[in-house]
Amino acid sequence: MKFALLGAGRIGKVHARAIFGDPDAELAVVYDPDSRAAEAIAGQYGCGIASIDKIAADPAIEAVAICTPTDLHADLIERFARAGKAIFCEKPIDLSLVRVRRCLNVVEQTGAKLMIGFNRRFDPSFAALKAAIDAGEIGAVEMVNITSRDPAPPPVSYVIHSGGIFRDMSIHDFDMAQWLLGEALVAVSAHGAALVDKQIGAAGDYDSVNVLLETASGKQAVVSNSRRATYGYDQRIEALGVKGMMAAENQRPVTIEHADASGFHRPPIYDFFMSRYVAAFAAEIAGFIRMVKDRTAPSPSGQDGLLALAIADAAVRSAAEGRKVTIAEVLDEADQSA
Amino acid sequence: MKFALLGAGRIGKVHARAIFGDPDAELAVVYDPDSRAAEAIAGQYGCGIASIDKIAADPAIEAVAICTPTDLHADLIERFARAGKAIFCEKPIDLSLVRVRRCLNVVEQTGAKLMIGFNRRFDPSFAALKAAIDAGEIGAVEMVNITSRDPAPPPVSYVIHSGGIFRDMSIHDFDMAQWLLGEALVAVSAHGAALVDKQIGAAGDYDSVNVLLETASGKQAVVSNSRRATYGYDQRIEALGVKGMMAAENQRPVTIEHADASGFHRPPIYDFFMSRYVAAFAAEIAGFIRMVKDRTAPSPSGQDGLLALAIADAAVRSAAEGRKVTIAEVLDEADQSA
Amino acid sequence: MKFALLGAGRIGKVHARAIFGDPDAELAVVYDPDSRAAEAIAGQYGCGIASIDKIAADPAIEAVAICTPTDLHADLIERFARAGKAIFCEKPIDLSLVRVRRCLNVVEQTGAKLMIGFNRRFDPSFAALKAAIDAGEIGAVEMVNITSRDPAPPPVSYVIHSGGIFRDMSIHDFDMAQWLLGEALVAVSAHGAALVDKQIGAAGDYDSVNVLLETASGKQAVVSNSRRATYGYDQRIEALGVKGMMAAENQRPVTIEHADASGFHRPPIYDFFMSRYVAAFAAEIAGFIRMVKDRTAPSPSGQDGLLALAIADAAVRSAAEGRKVTIAEVLDEADQSA
Amino acid sequence: MKFALLGAGRIGKVHARAIFGDPDAELAVVYDPDSRAAEAIAGQYGCGIASIDKIAADPAIEAVAICTPTDLHADLIERFARAGKAIFCEKPIDLSLVRVRRCLNVVEQTGAKLMIGFNRRFDPSFAALKAAIDAGEIGAVEMVNITSRDPAPPPVSYVIHSGGIFRDMSIHDFDMAQWLLGEALVAVSAHGAALVDKQIGAAGDYDSVNVLLETASGKQAVVSNSRRATYGYDQRIEALGVKGMMAAENQRPVTIEHADASGFHRPPIYDFFMSRYVAAFAAEIAGFIRMVKDRTAPSPSGQDGLLALAIADAAVRSAAEGRKVTIAEVLDEADQSA
């Protein structure tokens, strides 16, 4: 499957490597307004460089991977949906729920295949955890607890355009919680504070948040996030069910342990999403290709992207207003505006 | 130090063993309205049996351990405070914040020593975690995450008189969260559901709850409780600080691991608080004796008992009303009634 | 069961505590040629002091615990066997296989109950490992690997009278290996070196040894010992069977883990046999009492003590002569001398 | 660097993938007497097919990877040493120490670069363990304990031509032991039995062996091997030093853990060397390329291959004769024959 890569920045490079390394994929062309960034990818992987227009018009290009800044995602999705391409787009579709709704309407009208880059679903351990749940190993799931912490906060300049921690960071965990619970989340209570970097607080955002979520049947989830974890990129999930618990621990580059008079010491866990999720990014592209080939429903779908953003919007509101906020409330408002 | 044990039920037996086993303590007499229960303790540990009046009047009795049903706690505390005894009382002081406030007023007026049985503070691992925090090993604490799950739900008959899961079960975790954060909790958001036993829901209580807590400076805590954990009595704590994280894992009766074609298997963790917290109960009594001997301030104090109950009351209200509830709100109401 | 304790030194104190704490035992009297040592035990546990003659003559004393220096063990066993007491004796019975053989002949003639203090069999984790093997969980055992390391070497003055590392330290592991394999060990190959303390080498002993053992049917065992382990008292066992493996990990006083930029850190394991094997010593005395009451065969028996010493003797010879030595060879020699 | 791959069997495929995936390498041609096997590799990786003569004569080919059956290794090494190629050769160079000696003489005369495929040195965890030792983290190493178990025994037909378990399987561990001790091993004691498959015993080989090794200064090593481990491909190493211990645990495809009423369960470890050592094989080829480019000494060298085989020969003799065998003994005999 011939791919065009749109966006040659940090996450674009991640997907370039995943596409290149997949025996069923070919990285045909790359586009980036910064020609040096595009050339770097082209040089490394021996692919061409093309404009958006050319990519859209090229019948040989079957799929696009959208890795541009967020504010271009929705426009590009609509453009390539109309051009008949299979679309892989990094999360989020947009920071505006209204804009996402409109974009998904276009996707639906064109019948285009759209998959959203919630890469964690493809992490081998998290995927195994999900498979174990689906196989009934812990019975009906009652509670999902997710701990997700970044090693260090991003610069405030990034924070300002990120949509805030709930839409930028927690959104991954919201998608995971709903996916693992197997039922739509209906309400959210969130607490937040700026403990790591006062400037983040001054910019109107938090760097330390905790969120309670619940489904219509009363299933519970907890998401705990911090922008600071000196010990690495902390990514843990546990699911409690009627019959037992299934947990996914952090992953380590090496398995050595050092013992001395002060105790037992293991080296740090992975320190960044790019090293932690190498296998997930590869599996994600493989899953996208399989979905297109097998004509199965995209997963995570555009709707999954919309719902995760709606949960994030509800969390923003809950933290600000000190009350439990329903997902229906934010979705209804978006529908009325869309 | 000569002790009188008040109440020879399940928790009374736990403390009888702890007092008996302490080289600095002597279990002198036991009281229980059920004479057979009292005789059982007396027979096992070779102590006497006495009435409340006799115990209060006996100058040789220096300390009492109150292990009766909750509704007698406050009366007995007041009685023995006036009798000049050092008092160890199981949590909670009372299920009514107003009653607790009045009781503590009596304690204050008499100058009696009162320590409340939040036994977890004395668990060797949790105590080591606290000591590490106090030693600055993780820097200023920003977030405390507590997972506490019972192996199985209590009978509904118990639930009805328990004050509800927040006052009966989560109250331990609220005390731990505040103790570890080292700062008063000011507000609470809680979600709850009855997923394990519908009858618990019918009785107006929950069996699966999650609670967000915060301090005035924005420090965060999360308490996650369930009345069902097939794999044992799940008791974990982690504290995230500026410089790192400190976690306390579950404890195991044995350290064996079995490996076969299906993987690696370890036996269950402790399955009940009476086995899990044997060392904690012993350290608790030792701590009480030391506190009395050294004339230091009781810890956990009556005030700690009051605050934990206030947090529980706020959690009840938050779960019912779908809003963040301040501790001040429930404390102010209690003060006005008291 | 009324006990007399013979020897009030370090290991005597360990057993005094175990006897005192057992609801089925009573520490009646203590004997030690050092009257201050005897008085210390008597004062702490409220027991009497008596001479060996009086203990032997006292019909109320049902059992003796021999915790004297090794060179008195065999004489005392014979003395109390003739006096009709049940005998618990610390390992080894004697450092001379010939003397052990003679002593066991006396025990057999008198029909006395004799149990040897290989305390590790009673450690809850090792006992659980053995029970799992006996329950067939790993199928027929093929290989046992034991790692046993002391935190630091003993003084050379101790080494000189210890019988050497194989008879003093490895002997525990030899007993465990044979017990877990469930079949008599028949041959030994041993390597040894003095790496930790050159003076130990100068005294003709080793401080770092490794031993291969095998049974008649070809089952294998490996014992790895060092007199130095900066990280604590390292006590691990694993058993490999046809169907799987069963391992017992080290045990820890607390379960906390500290994570920071340099990695994940756990406090040291137990640092001494007296803290590591508290539960084992208690279970050992309880097992001795049960054995006497139920009139079951002692385990570990005098014969177990003899065989473990024979394996140690064979290891000494193997390390010195650079050849595989059979247990039969050393046993036969002892039989001829006895 | 243009590579020719010699041998398109199981291990050839492993190296084809590693060469293909390395940005600094190019898999130019493949040779295999079985043309279908060669074509399969050529088709998958888009490389050519060539005869040994052509490869030797082609100046564009800089390096060869010898992955043929063992009995061709020495001839091919000599052939390509004379042709001026850099040579990577799978272990062992030959099963005859005499033949290895002669082959290495040729390598020395030609000045060819030869690296032997002891892939475990390149495993990220074992490499990290070695680096930690070299950095002095555990002080001077005193003891190395290696556990290495295959999931299941090979067919007897393989065993017959394998040179026996010491030369086929333990040889990896002998190389690791010497590498980690940082000092030449001088003597070996070995025990062996056929417990897994009686036919292996009938063929004159063992399937369960344990080996003691020592250096001139008295450093110790233990290698424990079994051809059966139902729980996977068991690969563990620990090194004990003056200042502490460094251990490398088994590695797992996923980090999930399942808890239920029967305990805590983790899925199996890797079940085969091809999955367990994927990263090691990639790092090995990268290390070979770096060695050639930087003109550094090959490591593991031909001499390392010779010594590991000599240790294996000594182990064979020790197990058969029941005595400690020196490496000098077997090396001297080989020198006299060579």
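A, B, C and D label the chains in the order they appear, each numbered from 1.
Everything below uses one rule, namely that a residue touches a chain if its C-beta (ideal position, glycine included) is under 8 Å from a C-beta of that chain, and two chains touch if they have at least 3 such contacts.
For clarity, every value in this text was computed on a predicted model and none was experimentally measured.
J.: Tell me, which chains sit next to both subunit C and subunit D?
T.: Where subunit C and subunit D share a partner, that partner set is A, B.
J.: So which chain is the furthest away from subunit D, centre to centre on CA atoms?
T.: Farthest from subunit D by mean C-alpha position: B.
J.: Sort out for me whether A-C or B-C is joined by the greater number of C-beta contact pairs.
T.: Higher contact count goes to B-C.
J.: With centres defined as the mean C-alpha position, give me the subunit B-subunit C separation in Å.
T.: Averaging C-alpha atoms per chain gives centres 41 Å apart.
J.: With chain centres taken as the means of their Cα atoms, state the distance from subunit A to subunit C in Å.
T.: Distance between chain centres, rounded to whole Å: 58 Å.
J.: What are the residue numbers in subunit A that touch two or more other chains?
T.: Where subunit A meets two or more other chains at a single residue, that happens at 230-231, 243-245, 259-261, 267.
J.: Where on subunit C does subunit D make contact in their complex?
T.: 142-143, 145, 147, 149, 187, 189-191, 193-196, 208-214, 218-220, 222, 224, 226, 228-231, 234, 240, 242-245, 322-324
J.: Given the complex with subunit C, which residues does subunit B contribute to the contact?
T.: 21, 124-125, 128-129, 132, 137-138, 243-251, 253-261, 267
J.: State the interface residues of subunit D toward subunit B in the complex, per the touch definition above.
T.: 230-232, 259-269
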